[in-house]
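What follows is a set of notes on a single structure, which appears directly below.
We just call them A, B, C, D, E and F in the order they show up, numbering each chain from 1.
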Amino acid sequence: MRPPVIWADCTREELREALPESLVVLPIGATEQHGPHLATGTDAAIVEAICRFAVVRAADSARMVLAPCLHFGVSEHHLPFGGTLSLSPETAIGVLTDLARSIVECGGRRLVIVNGHGGNRGVAQVAAAKIASAYDMTVSVIHYWELIADAGGTPIPGHAGEFETAMLFALRPEFVRQRRPRTPPEESGVDGAEMHEAAAWRRIDGYTDDPTRATHERGTEWLDECLGALAGRLIELANRP
Amino acid sequence: MRPPVIWADCTREELREALPESLVVLPIGATEQHGPHLATGTDAAIVEAICRFAVVRAADSARMVLAPCLHFGVSEHHLPFGGTLSLSPETAIGVLTDLARSIVECGGRRLVIVNGHGGNRGVAQVAAAKIASAYDMTVSVIHYWELIADAGGTPIPGHAGEFETAMLFALRPEFVRQRRPRTPPEESGVDGAEMHEAAAWRRIDGYTDDPTRATHERGTEWLDECLGALAGRLIELANRP
Amino acid sequence: MRPPVIWADCTREELREALPESLVVLPIGATEQHGPHLATGTDAAIVEAICRFAVVRAADSARMVLAPCLHFGVSEHHLPFGGTLSLSPETAIGVLTDLARSIVECGGRRLVIVNGHGGNRGVAQVAAAKIASAYDMTVSVIHYWELIADAGGTPIPGHAGEFETAMLFALRPEFVRQRRPRTPPEESGVDGAEMHEAAAWRRIDGYTDDPTRATHERGTEWLDECLGALAGRLIELANRP
Amino acid sequence: MRPPVIWADCTREELREALPESLVVLPIGATEQHGPHLATGTDAAIVEAICRFAVVRAADSARMVLAPCLHFGVSEHHLPFGGTLSLSPETAIGVLTDLARSIVECGGRRLVIVNGHGGNRGVAQVAAAKIASAYDMTVSVIHYWELIADAGGTPIPGHAGEFETAMLFALRPEFVRQRRPRTPPEESGVDGAEMHEAAAWRRIDGYTDDPTRATHERGTEWLDECLGALAGRLIELANRP
Amino acid sequence: MRPPVIWADCTREELREALPESLVVLPIGATEQHGPHLATGTDAAIVEAICRFAVVRAADSARMVLAPCLHFGVSEHHLPFGGTLSLSPETAIGVLTDLARSIVECGGRRLVIVNGHGGNRGVAQVAAAKIASAYDMTVSVIHYWELIADAGGTPIPGHAGEFETAMLFALRPEFVRQRRPRTPPEESGVDGAEMHEAAAWRRIDGYTDDPTRATHERGTEWLDECLGALAGRLIELANRP
Amino acid sequence: MRPPVIWADCTREELREALPESLVVLPIGATEQHGPHLATGTDAAIVEAICRFAVVRAADSARMVLAPCLHFGVSEHHLPFGGTLSLSPETAIGVLTDLARSIVECGGRRLVIVNGHGGNRGVAQVAAAKIASAYDMTVSVIHYWELIADAGGTPIPGHAGEFETAMLFALRPEFVRQRRPRTPPEESGVDGAEMHEAAAWRRIDGYTDDPTRATHERGTEWLDECLGALAGRLIELANRP
């Protein structure tokens, strides 16, 4: 079994050899409030772990390089709750663009951004499009939770609700504190409209559904589904002509 | 029947009265290549028209103000084909943020960005999130083509393919030139991965599916579905507590 | 008679053919308070109309392409009066630079910015100079009201006073509401000094001279003078070696 | 006779006392090619000198503070000729805005930018408008050469031609080198259109009219006219209610 | 013994309690070429480890919160050697400013940036000064290698030479590959002048002194000296009135 | 004796000849509060003078061009004391980068920034590194006070204390006002930590040590030491292969 290539663990010579033929996998997370019951490192911890595991699984089937995780994301809407380290969207786009430019200058031609935080959707899309045009590089974006095929009614990913709590049971159980059952407040969205509203976050105290529904078993299943799907997608992306 | 409020047609006094209680509707489009058979103004023309029609339909049920359409979008990937006027993503975010700031300073509290161009997805999301946090304003984003429930296999929106051609038959038939049938090249995406690749656009000559499949009848149906759905969503957004 | 080339109405092929030999005409306006008696779309409506008419008149004598109008300008000083959608100067420079860059990438070599709003003077000059240096493109700026040779004492353009009101009578009479006669407050400027002062705008309630002096007849004369002069200038610019 | 207040020569206490009641005079110049016969410091030297002289003349009639001269301007179009130190327009706007913000934070309420270089027109206007809106400060812009009432056909200011050469004879004769007579190339402008074209500068070798026409006598007259007019304008601006 | 507070491992409630009374410790590193013999993650690995260890040592004596490490730094000069992920200085300043702003909004009042990469010196100083002025926050910067009192002639830190190699022997021996002895090229600097020159880096193949001089024993001593000194400084900073 | 080359006094032809073989010397200062006893122009006056003198001394031994002094620096922390004109760090980096770019475009290959103000340390380092990478130019930074070998306990440079007061006695005695003796407040720093704290500046009323200790004699000695050392460093930098 071929070992995976971890950028930070390699020398420049090893990377100069690997990059032109490899898919660079860049995990991006967040450090932000996750209600009173989850650690603020939740998003970064999950996305870093699943990328690492998926790259290991995929190492025999395709060439990949795993870049260091970006632990900070766009979390302006979580700042009022405390415990949050947020990048402005302009800075986040700058970081992603600078990293992609670096990869190109070092010989890389393919990049996938694996995103672990909903607030990063826009900047990931903006940066990917910009990079692809500016450097004639192939850039993909995967929001890891979209790899879950059917969650049986659980909001995916929600925020600090059943899904993320369960994922942490499987990956970082020490990140889960005492949970309180909650009846999620009635927040009727408008179908087909993506709404941004600070007051809405305040009404739900910064997290979505009921974290006490999360079980270790469910977390293991979801994690396994994510890993299988992610490894498959990475292999497909790496092996495209 | 109450007439709709068109920003540009009103005086400052009329707007000072209307804005605090109204939903501001901001259409954003693009001016960019649409293959050899459609006019470059396609996206802006469609989104401006459907916003105008929807605001008229909704005028009796809720208070709205229709802002002028932004005719330029993020189209860097279309520049190599000619005929394209593109904003960099940083500029586009600046425009949307400036307009939202203006609306707030003039008394508005609710904004919906109705988007007519796929390349604007990221900047619309980034700007909406930023505005919502910075000004405690409710900002929604609607990508108009997502209002089509089921297109029976036609790519929605595609780019300069059957859907947009049909929409133009219904709205601006003079924008459609001689079409050539095409067998769309096999472009297998990777499920769950949003890919950005300049070479992919070159391989398909800058447009997606077969425009000769478009009919005026289909265009009318799709337009009607869009208008009904959009008017409904706008009313819901305007009347939220 | 040769029809004019309207960018948004053309396909990429038509523009690829036209741009290298044509002068691109870009109208820029504003959406901003125009006192209690004129619609906020005044500047954009006037500049868009006169560009369209002038391009039609000139179409037989020179090759031109009319770009879509930018409906938003730098109007920070009008925000306190309501009804105003303003771009920051940095954003406005970004928009103009991005559009010029697009034109160059699509084969254009000559651009004239036709400006309809005093607050855009600086950004138009900055952008034109920057573009000319960066892309070796010929960029001109015309402030349309400077084409009026002699207004017999009426402030040209003023703001929402006799001149603009008269122009709207000729172009968009529905933009004019009930006018009140005013004795313009004594605002002695300092000769040769361009002054920027928020308090001065407040002292005159956001508009300059007496709009009740405006007549339809005067508007028609001024409009005709503008159109003749503008068409002439565009032909000169387009036909320079 | 009251001595003028020179910012750099004063202590903070002296400035804290003077600023709230004074007009701050900020000269901005350029360091750029001035043909083969004039020193590159021409614009900065002229504007700094006339501001200093005018402030001395005006010191008895009004309170003023003379800020240090900005020796660098927007001269991108002169870079190809050598000897040029240029700020990008974004940087120049940043400098002017930062200085104005500093003045406000230190108690100043009135600012006049006295400009000595045509390439600074746009950034001066942009910055003045922005500052006036952002800080409710009164900001004026004077382009010093516009104070010359009638130059009898000599281009004012031109670039490195008769006018500037004559001004240097009066102010800094050591800046003038061996001059060659020239018949200015026929450069027909378009009336009412401000043109920016790198090729035009190349065609005239980077300077406009015939510098051999300049005389010391004419220079002294022009300088005197400038100083009288500038001192008058500064007094008017400083003493406005 | 009180456990240290690791930001990412804590909930928002825990951080809301801790931040107002704690010193936030932010390690910043780099991911960049370190010659043919060290892994590219060297700087980030060292600074993250010594911060973690020092915070543990200091936990009983003062309140601290350890923020996630920034794995990317300003390494533009290393890009030509491969294996480098660099932020532009503007982006890096943006990241540091955004993180400080977040800390302030979440209740923190004291920050120390512990820097592990020479290329970050300027941005750390710029950001610290800016943050201190903008948010009235106390911000300190420690370049960890300056805590070594006397290295007996070894360049500290050098780049990928004896010092860093020895530190890795003590912290991450798997980051050290086969080393080749080298006689460092004669690079005479100019005393008191900090020089930046791309050619100089090329002349020394991207690293400074002889890595074969490094020993595990020396690494342990240096590490211990760093940790003791850093813990002491952190306690002093945390306990200032 | 060869005369020094002063940029502003030369024509473009003279500079086109000189720049490729010369070291460009760029002095950067500040205009900011220097306590109740020194003029605000202190830093700019000192650094401009010592650069001018050093370039004259060195003119026979090496080719140099002296650029105009930047009179404004990063002084955000001095704004609350009055009398301060500050650039934001972003603007200051922009100025330095633009000037370096201009020098490169005009044929220069070597630049030394001679800094006269502590608050400019970071931006000088950032800009120098950025320029060196972007333009393959050799850029050095000298903080002039670091050329003083041993000050016998006097803080060097301090701020508006003994050292700067003495330097002004030697260079610009008219900049020194009535001084009051002071016992410097006890401000214990933390060894090895660079601290930024607005409150610390307030506690010491904006200046450091006792200015009444300054003598003209000491100033002359320090000035002489600076000039000798600076001239030597400039010659070394100019004559490197």
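Here is the rule we go by: contacts are C-beta pairs under 8 Å (C-beta built on N, C-alpha and C of every residue); 3 or more make two chains touch, one makes a residue touch a chain.
None of these values were measured; they are calculated from a predicted model.
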item	value
Least hop count linking chain A to chain F through chains in contact	2
Labels of chains that are neighbours to chain B and to chain F	none
Greatest separation from chain E - chain, by CA centre	C
Shared interface numbering between chain B and chain A [over half = same, under half = different]	same
Distance between the centres, which are taken as Cα means, of chain E and chain B, whole angstrom	47
Between chain D and chain C, distance of the C-alpha-averaged centres to the nearest whole Å	28
Sites on chain A at which at least two other chains make contact	79, 88, 90
Chain contact topology (line, ring, star, complete or other)	ring
Ordered ring members, chain B first, chain C second	B, C, D, F, E, A
Chain B-facing residues of chain C, complex	7-16, 19, 31, 33-41, 44-45, 67-72, 79-88, 90-91, 94-95, 98-99, 102-103, 105-107, 174-175, 177, 206
Chain E residues touching chain F - in the complex, by the definition given at the top	74, 76-77, 79, 88-90, 93, 112, 119, 121-126, 128-134, 136, 138-142, 146-147, 190-199, 229, 233, 236-237, 240
